[in-house]
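The structures come next, written out as C-alpha cells.
Two complexes are shown next, each including chain A; its partner changes from chain B in the first to chain C in the second.
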Partner chain A sequence: MTPILSAQNLHFVYGEKTPYEKHAVTDISFSVMPGEIVGIIGHTGSGKSTLMQLLNGLLKPHSGTVIVDGQNIWQDPKAIRQYRFQVGLVFQYPEYQLFDETVEKDIGFGPKNMGLSEEEIRKRVLRAAEMVEFPPHLLPKSPFDLSGGEKRRAAIAGVIAMEPKVLILDEPTAGLDPKGRQTILDMIRAYNQKTGAAVLFVSHNMEDVAALSQRVLVLSRGKEVLFGTPKEVFSQPDVLQQMSLDVPIATRILDALSQKGYALQKGIYTIPDAAKEIVRFMKEGDRHAQ
Partner chain B sequence: MLNDITFGQYYPGNGVIHKMDPRAKILFTIAFIVLSFIAGNAVSLLLVTFALGAVILLSRIPLKMYLKTLKPIIPIIILTSIINALYVSSGKVLVEWQFITITSGGLLTAVYMSTRIALLIMCSSMLTYTTTPTQLTDAIERLLSPLKYIKLDVHSLAMMMTIALRFIPTLIEETEKIMSAQKARGADMENGGLLKRIKALIPVLIPLLISSFRRASELADAMECRCYHGGKGRTRIKKLHMGLIDLVSLIALAAVFVGVIFANACLSGVLYSLFIGGVL
Partner chain C sequence: MEPIIQINDLEFSYTVEEDATPIPLFQGVSLSIEKGSFTAILGHNGSGKSTLARMLNGMLLPDGGTVTVNGMDTTDQDSQLAIRKTVGLVFQNPDNQIVSSIVEEDVAFGPENLGLPSDEIRKRVDHALQAVDMLSYADHSTNRLSGGQKQRIAIAGVLAMNPSCLVLDEPTAMLDPKGRKEVLDTVRRLNREQGITVVLITHYMEEAALADRCIVMEHGRVLLDGTPNEVFAHRQTLEQTGLTMPAACQLAYELQDMGISLEPFPLTEADCIAALEKTLSK
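So, the complex of A and B:
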C-alpha cells in the first residue's frame, strides 16, 4: 500500500537572516497510510504547528518535499489550493475563524471555495454537521450565538465538509470540558472509520493519544525523536520525560506496581487494558494462593 | 508576509545607543532633526551627516537596516528635489529650455532638501530600532507630564499608546493565523481583481474584529483585577535614569550644534565657491 501522505526531509526556518531566526522544523520524514490515525506529541514550540502547515501547503518548506497521494504538492505552486482541500487542516481553537451569517454558510465556505454546486454544498454541510453531531436546527443560526463546544464542532465541520483524504487537527480538545473532549474524540474516530480518511492530531493528552492513534510521532525542538506504535513510544518513558512529556497514566500505574514487585505485563497504555491486566493478575494470584 | 513591516520595529542589541535613556533619545532626535534643518550650507550639513553616521556606527545595527527605511520615501525625495530644482532660482542659470529654468541655487537646495529628508528618516528609525515601544511610551509620558497642569490626562494617553503598540504584534499574529485558517478552507486571497480581493478579506476581518473586542474586554478585566484605576499614585517598576552616556551625548550634540552655527555663519559659500563656483 502506498502512503496517502508523506514528508521527506522537511526543513523550515522562520525569519531567515534576522536576529529572530528560528529553525522550526529540521529534517522530518515520515509517512501516513490511508485510514491510519497518527498522534503527534511534543512540548510547546517543538514545531508541531509548523509541521501541520507544511503538510497542507500553507507554508513552503525551505527544503524537502510533501507528497500527497503520490503527488509532490509544490510541483506546481499555482495548484497548491487543490491540496488544501485534500489535506484538511483544523487549527487550534478553530472557533475563532467562524465568520459567516449562519452556521450553514460557514460550514459551506470550504465546499464553496472548491467550486461545488449549491446542491452538493448543502449535502456536504448536512453530512458534516451529522458527523460532528451538530444539531441541525442550529444550522440557520449565527455562529456567534452558539456555545463554546458547539462553535468548536461547527468549525471542525467546516473542514470536514471538504471531505479531505487526510484530516489534520491541532489540539482539537484544548479548552473543552471532559464531555466536549469525548465528543470530539468520538467524532475523529467516526470520521476516520466512515470515510477511510487518514487522521493526524496533535495532543498534549497522552490518554487521548494512546486511545486513538495507531502510530505516534514525537517531536522535540523541530526534530523527529520517535515514530512508532503507541507501544513502542510509550515503552520509553525516559526519552519522553527528557522532553517534558509523559506516558499515559495507565502505563505509569502499571510501572509503579511492577516496581513494587507485582509481575504485571509491560506495554499497556489505555485504562481499560490496564484494568483487564490487573484483573488477570489478581485472578492468577488467587489461583496460586489456592 | 505581514512581518515585512519595518517601521517602528525594535532591533535587539546591546550597544551604547540601546542603553541610553529613552527620554534623552527622543529629545536628541528632535534636536537633531531641527539641527539638520538649521544647517544652511554644505559644510554644516556634512557635519550633521557625519554626526548621524557616528551614531549609526555606535548603534551596532547594520547600515542595510537604515537604508531599508529610506526605500518607501524615495518618491517623496524625488518629488521635492524636482520641485526645488524648478522653483528655486538663485545663482547661475544652468539650463534654460522653454519654461524650464534650472539654476545652480535650485540644484543645491534640491540636494540639501533630499539630504535633510534622508537624515530625518534615518534618525527617527535609529530611535525606534534602539528603543522598545514600552520605553518609548514611558519616555513620552514623562516628557509630556507637565501637560497635566492644563488638565490633560497624560497617563491615560500613554497607557492607550502602550496598549496599542503592545497589541500590534498580537494582532498581526492573529491576522496571520486567521488568514491561514481560511486559506486552509480554500480561501483565495492572492488572485482576482480588486473587488474579489476585498471580498476575500471579509472572512479574515470579521473574526479579527470579534477577537479584538474579546481581547479588549479580557484586558480590561485583567487590569481591574490588579486594581488598576488610572495614573494617580502609581509607582513604576522601571525608573528612568539619565546616566553618563546621556551626558556625553548631550555634550557631543552641543558640539555639533556649535559647529553647525559656526559653519553657517562663517563658512557660508566656502564649498560653494570651491566646487560649484569654481567648476561653473
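So, the complex of A and C:
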C-alpha cells in the first residue's frame, strides 16, 4: 500500500538569518497510510503546529518534501491551494474561527471555495453536519447562538465538508468537559471508519492518544523522537518523561510497580488492560521475577 | 469552622434572547463554603458551575434567596467593593485576563484601582508574584509567557487585592500538562500555606481528587457533596451524569469487577500504587 501522506526530511526555520532564528522542524520524515489514525504528541514548542501547517502547504518547508497521494505538493506552487482541500486542517479552538451569518454558510465556505455547485455544497453541508452529529434544525442559526460544544462540531464540519483525504486536528478536545471530549473522539473515529480518510491529531491527553491512535508520533524540539504503535511508544516511559511528556496513567502505575520488583508487562496503556495484567500477574504468581 | 460564603435557597434564571421566557437554572440551592477549605466543583457544561462561580462575588446576583460573603449580602450595593476584595475570580482563558504589557504592571492593576499608596502597591505586587513563583518575571513582557505562566499572573493579579477566597473557573482547561501542574501546585500552596479559601471549578477529576470537598452539579442542582472519597464512591451516578472518574478510581473499580478489592480505595495515582503494592505483596 502506498502512503496517503508522507513527509521526507522536512526542515523549517522561523526568522531565518535574524537574531530570533528558530529551527522549528528539523529533519522530520514519516508516512501515514490511507485510513490510519496517527496521534501526535510533544510539549509546547516541540514543533507540532509548524509540522501541521507544513503538511497542508500553509507553510513551505526550507528543505524536504511533503507528498500527498503520490504528488509533491510544492511541485507547482501555483497549485498549492488544491492540497489545502485535500489535507483539511482544524486549528486549536476552531470555534473562534466561525464567522458567517448562518451555520450552513459557515460549513459551506470550504466547498464554495472549491468551486462546487450550489447543489453539491448543500449535499456536503448536510453530510458533514450528520457526520459530526450536528442537529440540522440549527443550520439556519447564527453560529454565535450555539453552545461551546455545538460550535466546535460546526467548525470541524466546515473542514470535513471539503471531504479531505487527510484530516488533521490540533487538540480537538481541548477545553471540553468529559462528555464533550468523548463525543469528539467518537466522532473522529466514526469519520475515519465511514470515509476511510486518514486522521492526524495533536493532543496533550495521553488517554485520548492511547484510545484512538494506531500509531503515535512523538516530537521534541522540532525533532522526531519516536514513531510507532501506542504499545511501542508507551513502553518507553523514560524517553517520554525526559521530554516532560506524560504517559497514560495506566502505564505509570504498572511501571511504578515494575520498579518495585513486580514483573508486569511493559507497554500497557489502557485501564482495562492494566486491570487484566494485574489479575494475570496475581494468578500466575511470578512475584519478584526481576 | 465558620463559613466564608453562605448560599441560601438560591434562585436564578437566565435569558438566551431578549424578550424570551427566562430559563430557570437554580431553584433553591443552599451551600456553605468553610473558611480555609479547598472545594472542587464538578459538572458537565451547562450544569451551572460557572454561573455559580459568578454568584460568589456578586458578578451575578440571585433572583431569589441570598448569597452572603463574610455576612455581607451580594445584593447590597454598599458592600460590593468589600465583597470583590474578599472573593477574587480567575477565569479559563489566560489571554483574556491580561491587561498590561508588563507583568508587574498587570498585577498592579487591581491595587492601583483601589487607590493605594505606591509603596503599598509595590509591596503587594512583589508579594503576589512571589506567591505564584513569578517574581523573576516582574519586568518581563506579558505576551511572551506560556499559558501556565499567564494564568499564574492572573492569579497574582487577584492575590494583590488580598482576597481571603479564590474562585477559579476551569483555570487549567486551556493549558498543557506542565502549565496545568504549575497552576494547580500554586493554588494548593496558597490554600495550605496562606490559608486562602479555594473554590476550584474543573473538568479534571484528578484535580478534584486533591480537594477537601467535591460538589457535583447537575441541571443547576447539587447532585453530590462530600469528601472526594465519598463522592467518587458514587460510581453509577457519576457515570450517568457523563463525568468520568479519576483514572486511579477507574482502575480500582475495574479490578473490583474482577474480584480484587484495593484497600483503602484509591483516588490518586500514588494511593493506587501503594494499595496495589499492598495487594500484590500478600
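FYI, the second predicted complex is superposed on the first by the 269 of 290 C-alpha atoms of A that agree within 3 Å, B and C clash if a C-alpha of one lies under 4 Å from a C-alpha of the other, contacts with A are read in each partner's own complex, and residues count from 1 in each chain.
One rule holds in what follows: a residue touches a chain if its C-beta (ideal position, glycine included) is under 8 Å from a C-beta of that chain, and two chains touch if they have at least 3 such contacts.
Remember, predicted model here, so these are calculated numbers, not experimental data.
Look at A:178: by the touch rule set out above, it reaches chain C but stays clear of chain B. In the superposition on chain A, A:147 makes contact with chain C only, while chain B stays out of contact range. In the superposition on chain A, A:244 makes contact with chain C only, while chain B stays out of contact range.
With both structures placed on the common chain, the touch criterion links A:274 to chain C but leaves chain B unconnected.
By the touch criterion defined above, A:19 reaches chain B but does not reach chain C.
Touch criterion met: A:113 reaches chain B, while chain C stays clear of it.
Of the two partner chains placed by superposition, only chain C is touched by A:282; chain B is not. The wider contact with chain A, measured as residues touched, comes from C rather than the other of chain B and chain C. Within chain A, no residue touches chain B in one complex and chain C in the other. Residues of chain A that touch chain B in their complex: 15, 19, 53, 56, 58, 81, 84-85, 88-89, 91, 94, 96-100, 109-110, 113-114, 144, 158-159, 162. Within the complex formed with chain A, the residues of chain C that make contact are 16, 44-46, 92, 146-147, 170, 173-174, 176-179, 203, 205, 242-244, 247-248, 250-251, 254-255, 258, 260, 269, 272-273, 276-277, 279-281.
Against chain A, in their complex, chain B makes its touches with residues 3, 11-12, 177-178, 180-188, 202-204, 206-207, 210-211.
For chain A in complex with chain C, the touching residues are 43-44, 145, 147-149, 174-180, 182, 204, 207, 244-246, 248-250, 252-253, 256-257, 260, 262, 271-272, 274-276, 278-279, 281-282, 287.
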